[in-house]
Structure formats: C-alpha cells, structure tokens
Amino acid sequence: MSQSIVSFTPLAIVLTSALAVIPISLSGRNPNLRELWTFLAGFLKLMLLFSLLEPVTKGIAVQFELWKVLPGVSLHFSVDAFGLLFAFVACSLWIPTSLYVIGYMRGLKEHAQTRFFACFALALSATAGVAFAGNLLTLYVFYEILSLSTFPLVAHHQDGEARTGGRKYLTYLLATSIGLVLPAMIITYQMTGTLEFSSMGIYGDTVKPGTLLVLLLLFLYGFAKSGLMPLHSWLPGAMVAPTPVSALLHAVAVVKVGVFCNLRVITGIFGIEILSKTYLDTVICVIAGVTVIVSSLIALSQDNLKRRLAFSTVGQLSYIILGAGLAQSYAVKGAMLHISMHAFGKITLFMCAGAIFVASGKKYISQMVGLGHKMPFTFGAFLIGSLSVIGLPPAGGFISKWLLLKGTIAAEHWPMMVVLLGSSLLNAAYFFPIVYQAFFGKGILPENENVKEAPLACTLPLCLTAVISIVLFVYPEPFLTLATLAVGE
Amino acid sequence: MEQQYPVLIVIIPMFTAMVLTLAGWFKPAVCQPLAVVGLLGSFLSAVATLLQIGAGEVISYRLGGWEPPFGIEYRVDSLNALVLVMVSLVALLVAIFARKPVEKELGNKISNFYTLFVLLVTGLLGMTITGDAFNLYVLLEIAALTSYALLAMGRGRAYMATFNYVILGTIGACFYLLGVGLLLIKTGSLNMADIGTILPKLVGSETVLVAFGFLMVGVWIKMALFPFHGWLPNAYTYAPTATSCLVAPLMTKVSVYIMLRIMFTVYSADWIFNVIQWKPVVMVLAVVAILMGSFFALAQRDIKRMLTYLIVAEIGYMVGGAWTGTAAGLTGTIYHIMADGLMTVCLFMVIGSVVYRKGKAHFESFKDAFQSMPWTMGALIIGGLSMIGVPPTCGFFSKWYLISGAYQSSDYAFIVALLISSLVNAILFIRIVETAFFSATPSEIPDPHAHHEVDYADSPVSMLIPMWVSALALIAMGLYTGEIVTRWILPILPGGLI
Amino acid sequence: MEWLQINYNYLLVIVLLMIGLWAMIGKNNLVKKCIGMCIFQNAIIMFFISMGVKAGSTIPILNYTKIDGVKTYLTEASMYANPLTQILMLTAIVVGVATLGMALTLVQKIYSEYGTCEEDEILEKLN
Amino acid sequence: MKVLSLIIALVMGALLTVILDDLPAWGDAQSPANAHVSAYYLENAYKQTHVPNVVTAVLADYRGFDTMFETGVVFVAVIGIMAILRREGVPKGAKSRKRPPHQPPDPAITGVATRFIVPFMQIFGLYVIAHGHYSPGGGFQGGVILGASVILMAMTGELKSALNRMSEDWFIIMVGLGFLIFAGVGLACMFYGGNFLDYSALAPLFSGTPQEAAITARYHAMLWVEIGVGFTVMSSMFAIYTYLASDGWMDRGL
Amino acid sequence: MIWPYDFGLLLLVVITAILALNLRDLMGASIVFGTYSFLMCLLWTAMAAVDVAFTEAAVGAGVSTVFFIATAYNIKKEAKD
C-alpha cells in the first residue's frame, strides 16, 4: 500500500463485540436484553466497517499499532482490501446467524445460553482481529483466541460425544498452531527479523528453496482450521455442536479464518513471485487439488446431512487455497471472492439443516424424503444454497468459480482445471439428490406427515442469506471491487 | 538511605522472623499480618533497588564496610534485581494467600509456620543477592533447613519424602561447598567476581574443571534436574498447601539463578562453550528432563502431583536455554525464571484453594468447579494458557526466546522437546478445564439458567486476590516483554555468547 | 611412598568422602544415613582445614614480643595457619549439627509413623 | 541401590584423586589459598580490630555476616524441629505427662556428680565466650558448653529439673534474643550511618581519636556479637536436645 | 608435624568411621561416632586449627553424639546393616 492513515476504527471494530461480552454475561437473567446487546454490537460493528470502506477503496491502508511486545514486533492492525472483504463477510453474517441462534436456542430450550452468546461474541471479535492483523504475531494471537473461544461452543452439549468432539477440535487446533506455526514463525523472525506482511514477501532471494518448502508446509498445515487433508478430521468431529455453531464454524468464523491465514501467509509472507519462481505454487495446488477431490468423494458417501455439508466445506476451502496456489491474478481474485460467496451459500445450507432438525428432528438425508412440500421455503433456500456452492447461476458461487477457471486457463494449469470441473460435478452429485428427494421423492415417513416450517426466527435468516447469494450473482460489485483492489490491479 | 536498599531486602524479613518468634510464641494471631508487612517491606526495597540500577551497571554493597575480596559483598545487577523482585513478590502473594489454609491445616503451629516461611524467603533473597560464594552456601543451608521443616509439616508420607530431600539436599550443598573449596585452593578468594578475574589465568587446570563439575552437580541436585529429580515430586506433593505454594515456585528458580551466576560470573561463557565440551551432555539432560517431566505429568490423577512433574519439565527449559550458549537462549532462561515463578505460584494457589474447598485435588474434585468457584477457575485458565504458551501471556514469550536460541545454536532436539511439552501441557489443561467446565450433562441441568442455582462456594477473598494478582501479572509481564528484555536483560548478557 | 607422604591428608579426605557418600545413599538404616551425612560433612571440613595448613606455622593467634615494655604483635602471615578456612569450617560445623538435628527429628517422626527406620520396610509399608 | 551408591562414591573418589597432583603441595605457605585473602587478615586484623585471635576477628567482623546467618541456621533448626516434633496438646512451656510415667534411672551418683560438674562447666563456658578475643573459643564454643551443662542436667536427672531452670518459654525467647542481639548490633551500625554490621560506625559511642574509637568500637561490638551467639547456641542446643530426647512430649530426658 | 603419628591417627579415623557405620547396635554406633569426631578434633589441633578443633570437640563429639544417643534411645531397634 502506498500511503496509510492511523485510526482507532480497527481497534474499535475488534473491541465492539469483545466488550459486548460483559453486558451479555451480566444480563444473563433477561434473555431479551441479552440478545438486544448482541444485535447492537453487530450493527455497530457493521457501521464501523462501512466507515472504513471509503479510505480502503482509495487504496489507503488503515493502520493502528496496539502494543509493542518484542523489539521489532508489535501487535498492530492494518486494514487492506482483503482484510476488509473478509471482515465484511464475517460481520454481515453475524447478524442473521445470531437471529437464527435465538430461534434455534429458544426452539430447543438449550441450556447455558448466556455462555453461548458470550463466546459467540468473543469469537467474532477474534475473527475481526485476524482479518485486520498487520503482522504474523497479531494473526497468531487472534487465531489462538478464536480457537479457545469457540471451544465452549463446540462442546456445548456437554455429553460424552460433544466432549470428545470438543477435545478433538481443541487438540487439533492448538497442537498444529503451537507445533507447526510457532516454530515456523520464530524461524522466519530469526531469518528475516520481521513478521510484517508485504506483497513482495519477506524472505528475499537468500533463503534456499528447501527451507522455503519446509516453512510453507509448516504454515499450510499449521493453520489447521483450513481443513487441508489429512488435518481435516476435526471438522466433521466438530459437527456435534449445535447447528448455528456449525454454521458459524463453517461459514463465518473458523474455517474461513484458517483459509484467510493461509492466503495471508502465501501472499504476504512468501509472496506470489517467490512461490512461482521456486515452483512451490505447484505444491500448494497439488495438496489443495487432492483435498478437493477426496473430500468430495467422501461427502458423496455421507448420509448425515451435516457431515455431508462438512466434507463439502473441506472441499470448498481447498478451492480457495488452490486459487491462491495458481499464483495468477484472476485465480487469486476468484479465491478471495469465493470466501464470501461460499460463506453465504454454505451458511444457508447449514441453517436449512438446522431448520429441518428443529422442525422435524431429522438428521439423516434418507429420512428427508418428501419434506420439501412440508417446508418449501427451507428447501427452496437449500436449493439456492447448493447452487451457489456448486457454482451454477443464478447464484453468487458461479462468479468466483468462473474466475478460478479463468485463472487456471490463464495459468495454463490444465490438470487443475480438470480438478475444478470434476469436483463441481461431484458437488452437484451430492447436493441435487437431497433436493430432488425432498420435492419429488415418494414415500414420505409417517412421522413427517404433520411437519411445518421451523419458527420464523429460523426461517427468516436462511431465506435472507439465500436471497443475498442470488443478489451477489446479479450485483457482486462490493466484494468484487475489494477483491480486485486486494489483488492490486 | 538509598544505598541501604540492597541490605534492607534481606534484613527486613530476617528481623520480621525474630519478632515473629517472640510475638508468635505468645500470640499466634499477630503472625500473618506481621509476615505480610515484613515481606511487603522487602518487596518495596527490591523494587527500589531494581529502579536504581541503570543499564548494565552494578550496585556493590559492602557488609561490615570491608572492601570486597576481604569482606562480604552484595553485588546487585539487573539480573539478580529481577529475580529479587520476583521472589519477594511471590513470597508476598503467598503470605497473603496462606492465612486461611494455614489456619485450617496447621492450626497450632501457626507461629512456627510463619517464622520458617519468612526465614525461607530471607534465605532465598540472600542467595540471590550475595556476591560471596561461601555466604551463598550459608544462606543455601538456611533456605534448605527451613524448607525441610516446612515440607515436613505436611505429616504422614511427608516425613519420608522430606528425609530423602534432606539427604539429597545435603549432598547437593556439600558438593557445592566442595566446589567452592577447590576454587578457594586455586584462587584464594571467595568473592565470585574476584574469582572470576583470577580464573582466566588458570586455564587448563583440572582442579578448576572438577570444581565446576561439583558446583554444577550440586546446583542440579538442588534444582532437581533430571536425573537428580527423584526427591521433588513426593516432597512437594505431600507438603501443606501454603508450603508448596511458596517452595515450588521459588526454590528451583533460585537454584537456576545460582547456576547462571556460577556459569557466567565465576566462570565465563567463553570457557564453558569453547574450552570444555559439556554442552551436548547437558542438552541431553535438559531434553530428557522436559520429555520425562511432561509424560509423567500425563500419568497423574492428582493435579498437585501433576504440577510437580511439570516443574521438573520447566527446569529442563531453563537449563537447556542457558546451555544453548546463545544470547537469545539465555534471555529466554532469565525471562523464564520470572515467568515460571509467577505461573507456578498462580497454579499452585489455584490448586491450593481447590484443596481448601474440596479437600483434595483429584480430577474428580474439579467437577462443576466452574459453577461453584468461577473466579478460581478463571485464574486456572490464565495460568494454564501461560503454561501452554498462548500469547499474550508471558509463557509464550519465554518459549519464543528459548526456541530462537535453540534455533541459532541448531539444537533441534531441544526445540522439539519444548514443543512436545507445550502440547502435553495443552492436553493436561484441556482435560482439567473440561472436567471443570462441562462435567454436568444437560440432563443433569434442569433449566436453561441452571448455573445460577449451583451452590456458589468460591475461595475466600484473601485467597482470590493474590491468585488474581499473579494471573494478571502473567499477562502484564507478557505485554511488557519488550521493555523487560531491552531494559534489564540484554545489558547484562555476558560476552562470548553467539 | 613419597607421593603418599605428600598427599596422605587429601587421600584421607577422599576416603572419608567416599565412605560418607556411600553411606548416605547406600545404607538402609536411616540413622546410619545420618551418620554417613556427618562423616561426609566432616570430610569436607577436613579438606578445608588441610588446605589451610602451612608447614612450620602455629595457631592463628598472634604472638607478641615486648620491645622495651611495649607489646608489639607479630603479623607475619607465614607464621600462622590460615584463619580463613578455619572460620568457614566453624560455620560449616554448626550448619552440620543443625542439619543433623533436623534429620534425626525426621527419623524419629518416621519411626513413630511406621514403627521402623529401615528404608526397605518403610517403602513396602508405603505401598 | 548399594551398588549404585558404591559406583557413585568411587567415581567421585577417582575424580578427586586425579586432581591431587594439580593441588598445591600440602602445607605450602605460598599456595593461593594461604596467600591472597587470608594473608591480608593475618597482617591487618590486629591493626584494625585489636583482637589478637585472628579467627575471632574474622569470624565476628570481616565475615560477621556469615556468622550472623550461622546463628540464623541454629535458630532455624530450633524452630523447625519444634514445628515438626512438638506434640499437640503439650501446653506451652509446661511439662505435662501424656505418656505413662517412666522411672528415671536412680540419679544418686550421676545426679550428685552432675551437681558438682555443672557450675564449673558453666563458668568455663562463660570464660570461653568472654575470652574468645585472646584465646581459642568464642560464642559458639562457649554457647555449646553452656548448653551441654544444661543437657547434662536433663540427662542425669529428670528433664523436669532442667526445664525448671530453663523452661520452654525461656529458651524460645533466648534463641530469638541472641539472634536479635547480633542483628541489633548490625542495625545500630546502620542507625549510626554506616553499612550493616560496620562496627566502626559505632565510634561516636567511644572515646579517643576517630581511629582508636573505631577500633574500640569493633572490639566491643565483637564482644556483644559473641554474647548474642552464645545465647542462641546455648538455648538452641538444649532445645533441640529436649525435643529429640522426649520425642516431642516434653516430659523426660533419657 | 611427625607424620607417622599423624598417619596412625588417620588410620584410626577411617577405622572408627567404618565401625560407626557397620555396628548394628545404634547406641554403640553413636558412641563410636563420638570417638570418630574426637579423633577428628585431635587431627585438627595437630593442624593448628584450634578453634575448629574446639568447636568440633564441643559440637561434634559432644552435642551431635548426644543427639544420636537421644534418637537411638527413642528408637529401641537394632539396625539391619
């Protein structure tokens, strides 16, 4: 970035929801007041984000140095287009999600709702922190905070299964971040003396390709939130969480943070040029491509709806990393765009799954035959969501995938193009049957006869997100411009 | 007055101890307040001393007014000033914390307890501040004797554990004394700095080498480095709560400090890393200590015992860091001396208050602890995060420096050991937090707001305050790492390091 | 023999050190361990004292001569044995007896706990 | 275990034997240990303190700080042993009988002999303390002798007879008091503007030219210090013996 | 000093030390230990360390022995080794 201004806004954005924790936990006895706080914080955050839009689109980085920890390293925020894009996705999805949470939680009379909302808010500010992180240390700090604050959400049910899932979740994330990212970060600091992101990469030409390869692998797998195989299995494991949490995990906060970190490292620490010079981009592509195909294949075989969605998430995330790996401006732009597109699509799908569960108590796809007539809105939204994830018009997903394809063609990475197309077919293959069965399938289960739509609080948000993902197809500019800026054309 | 601060640090608690004996023998109730006042005094003078010291300068205080090699001298540079502040702070916190547990556990020995407590602190402070090798031995023995007594007050199995500690501790102290003797016979001096100036003329003398061996082994026994760690877990586990809160954080750390003194003030970094080739051996010891401590900790069901094994592992951190022979590694060690002191005291206080409430510190006693004693568990979480090494707690930064040092001297085994141990810590604390957080299944909880009805029995305020002071100190220290390192640690790093 | 004549003091020290250490670690009876402890400390004291010996010197209490009725003390360093090591060892002796007291106290406590002071018996009582 | 200990001992022995030839010859007056610091003491001790017994001078003045903590060690031992060994329910300072009373050995002979010896022992102990400046001895030795005299009483007669002369209250107070005297002298030096334990700062209390006054101050301060040490050691030896012998019941000597 | 005399003393010291460690009767061991300390203090007098010898005579041969005796008296048992 050429010039930059110093402003408290990034800090304010991070702090809004973090501070919201206090009133939320204080007003635990009065649910309405509690959720009022949640929404206030959400809207405030969004307003602040919009205030950042104007300078960033002018190509000005908004800086704020929070604290000097080590000589040469400080906790500081620096908002660029990519970060802003991600922050927008996260914050704009927070509001519908929490609306949905209310519906879901009250619908099922969940326990410890206050704890839930508090951690929810904390997780969101951690996400914002990751989005605005100006250097690797800051990124790492907020990454850890996110892992810790989402742990209570994952283990929310507190029964044996939930505990196992939660333990798996936290162990995977902490183990990888401490075991892989920390040494990589320290080695980087020792070699270069800095951790600041720069589009040129910070290693320079002195570092040997072998070292670079090791560091790259450490980073890629270290941010295990991005669910690269073989470090993906925490993701299905975390499916024990209540549905809104899975929605949050898979669409908004956690996995996207993982991917975001990977992109940051690839573009900001290594730098596209060095990668393509040392052919490391191919490594990334291979890892991501394999993950894409394998996860899609596994998804085909799942009958539990949420598990199937989870594996589809694993695949979609690797699209994003793949895009970055192609080291080509279209593809990178597509990757960044895919973060938002997939977010809207996938959150719709999860909300649908949750709504189905609330309304009919069904988890398994085989039991959803004919439910489409009983709850048309839900399944309509489900259709749109799956379209978006597969990447077909008229849904936003189409644009990002299109950009990715253009990238592969421009980079003349034919195998990758094959991967993309093939996996899209696979996506179609594991989404459409659900919808088809729901609408035209014969032999509806007897206990499903008198199922109605889920409560409004559940249905409204998912329709909302579905509509948004269609709107994004017609009018992708806000995200598109940001992505374009981020790629820097 | 200003030039008297160094000696005040030591003699204030010493006088407090005497007053405690005389007053406490007739009126035990006055003991704890007196102890707190005395330790506060010594803490304040320690801070004053620290602030007096500019970058890299040394305050020399002549006891009895005789000039150094002939009289005993106190040498304060920012290294021991930092340790002094840490020790006196921890002691102060524990003294405040101790009130209720002591009343509960050692009802009719209160005055004895506080006298020994304050004398132990005196010994540790004296060891830290003195510049005279033999004076160090005497204070070492004071600290040792008091800790024997304090540990043995735990009754039952504590006696045998303490007896083993007495035997091993005496061996350690005697080895130290023997090493000092060998140095004396070659140099004719007892003042560490003076010896340090004479030794370079004696290159190639086996006596000096053997003396170094005896000094090191002696100190290692005292700090329970693998393979001399046998006495530690039992001795600390069966001790009374307040005792283990005081002894566990301080004893080992001060011994580490002494090791640094011997290595870099008496001997020189150049001699240690270029003349003699011990580094590989010691690194192996450190690595084994870390791994072994971590894995034994995994096997424990009693949290207090688990922590004692973690202490063994932490010793491995510090020894390894110091022996990497890099500036970064040594920085990490010095920083970790303080960080670990604070973490350990925080965690032990948490365990102490759980024991105070629930009787013992098994996993079972942590069930539902989050509902019944939320504040205590909050402190536990912060301490645990620091143990795991999650920023911005100070545990993260000590690991940062240690790993950097190991990377520079390419001791990759040490790096791996560090990472493994922090993973093990992660697993351990996840287990505890899980039991404390999610032990109740929804079925057991009648209504959404159940946790408001669960009986709230958090530890008394007199225990919560020091606990939280230490917990917050962890975070504050982490945030001020840059300050501490650049202002106080970097200026005193000896030459001859990578 | 020559070598022996020069070094017999140090040799004694070494022998005693070995005996003491062996007893402290290897003996089974706790009281014996304590005796070993004392022997060990004594050996170290012996070491310090013999390092302070000067051939043909006297005790470190100054002699004086009367020079026309005025006491003048002779302060010729080589006349007297080394006082420094002796002072150190005075301290060491007292430290030793204090430690011994502590150790014996524990032995008595252990005895009243387990009815024996043989290490192996105690260990099998413990588990 | 036995084998292990043997091995360790042998290794240590071997290590030390190796360096024998590197050590200065036994009795060499010029060895560094005898030259560097100790020579200074021998040459200047009398000039600076007027105490011909160099050992006492160094013990109580040059390295007085060590000696103070040495007293501290004894002090610690008493408190520690008391904390561990003293039984609950034994009232403070009293001599209750928790255990079945046992018949002490008939004290006829030993008792009488003790009554003869003890006064002489005590006078000798006091002499050793007081005369430490000029002859071997000083606070520790005298203190131990005094303590031994009381212990003798406790051994031959009943502990009671000894405790009547020096009850628990008393020896606890005296242990603290002796230490307090020593440290108090040091503190007084600080109040007179010197460093801790810098006796020469007490010069204003004494007559004569500044140098002489300083020397006299050192001389007298040392005497006080020795007395303090004597107090502590005497009472602590008896205290430790009492607790050890009666196994914490405070009811009988051997 | 006369070194054969000294040498004999040294031998005695070692013998008493080993004896003190190997007597089964604790009371006897304590007494022998007292002897050991006393021989030690003789040695030190010979080495012109009067103060130390004095202290050792009082503390080592005197009080420590008494402590040992006190303990041995309370522990009415023979040692196994």
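Here the chain labels run A, B, C, D and E in written order, and each chain numbers its own residues starting at 1.
One rule holds in what follows: a residue touches a chain if its C-beta (ideal position, glycine included) is under 8 Å from a C-beta of that chain, and two chains touch if they have at least 3 such contacts.
Remember, it's a predicted structure, so these values are computed and weren't measured experimentally.
Chemist: Return the chains common to the contact lists of chain C and chain D.
Modeler: B, E
Chemist: Count the smallest number of chain-to-chain hops linking chain B with chain C, moving only between touching chains.
Modeler: Tracing touching chains, the least step count from chain B to chain C comes to 1.
Chemist: Counting one step per pair of touching chains, how far is chain E from chain A at the shortest?
Modeler: Tracing touching chains, the least step count from chain A to chain E comes to 3.
Chemist: Check C-E against A-B and say which one is joined by more contacting C-beta pairs.
Modeler: So, comparing the two chain pairs, more contacts are at C-E.
Chemist: Going by average Cα coordinates, which chain is farthest removed from chain E?
Modeler: A
Chemist: Quick one: point me to the chain whose Cα centre is farthest from that of chain B.
Modeler: Result for max centroid distance from chain B is chain A.
Chemist: Counting in whole Å, what is the centre-to-centre distance of chain D and chain E, each centre being its mean C-alpha position?
Modeler: 20
Chemist: What whole-number Å value describes the gap between the mean CA coordinates of chain A and chain D?
Modeler: Comparing mean C-alpha positions, chain D is 75 Å from chain A.
Chemist: Starting from the mean Cα coordinates of chain A and chain C, work out the distance between those two points in Å.
Modeler: That pair's centroid distance is 72 Å.
Chemist: I'd like the Å distance between the centres of chain B and chain E, where a centre is the mean of that chain's Cα atoms.
Modeler: 38
Chemist: Going through chain E residue by residue, note those that touch at least 2 other chains and give them in order.
Modeler: 50-51, 55, 59, 63, 67, 70-71, 74
Chemist: Out of chain B, which residues touch more than one other chain, so two or more?
Modeler: In chain B, 134, 138, 141, 145, 148-149, 152, 184-185, 190 touch at least two other chains.
Chemist: Listing for chain C: what residues touch at least two other chains?
Modeler: Within chain C, residues 9, 15, 17, 19, 21, 24-25, 50-53, 57, 59-61, 80, 84-86, 88, 90-91, 94-95, 97-99, 101-102, 104-109 contact more than one other chain.
Chemist: Would you mind giving me the full set of chain pairs in touch?
Modeler: A-B, B-C, B-D, C-D, C-E, D-E
Chemist: If you look only at chain A, which of its residues touch chain B in the complex?
Modeler: Within the complex, chain A contacts chain B at residues 28-29, 67-71, 75, 109-115, 137, 140-141, 144, 148, 152, 155, 157-159, 162-163, 166-167, 170-171, 174-175, 178-179, 182-183, 186-187, 189-190.
Chemist: Using the touch definition up top, name the residues of chain C that touch chain D in the complex.
Modeler: 6-7, 9-11, 13-15, 17-19, 21-22, 24-26, 50-55, 57, 59-62, 64, 73, 75-80, 82-88, 90-91, 94-95, 97-99, 101-102, 104-106, 108-109, 112
Chemist: Which positions of chain B touch chain A when the two form their complex?
Modeler: Chain B residues touching chain A: 385, 388-392, 397, 399-400, 403-404, 407-408, 415, 419, 422-423, 426-427, 430, 434, 437-442, 445, 447-452, 478-479, 481-482, 485-486.
Chemist: Report the residues of chain B in contact with chain D in the complex, numbered from low to high.
Modeler: Touch list, chain B to chain D: 4, 7, 11, 14-15, 18, 21-22, 25, 61-66, 69-72, 108-109, 112-113, 115-116, 119, 122, 126, 134-135, 138-139, 141-142, 145-146, 148-149, 152-153, 182, 184-190, 198, 205-207, 210, 213.
Chemist: Residues of chain C touching chain B in their complex?
Modeler: It comes out as residues 17, 21, 24-25, 30, 33, 37, 40-41, 44, 47-48, 51, 84-85, 88, 91-92, 95, 98-99, 102-103, 105-107, 109-110, 113, 122, 126.
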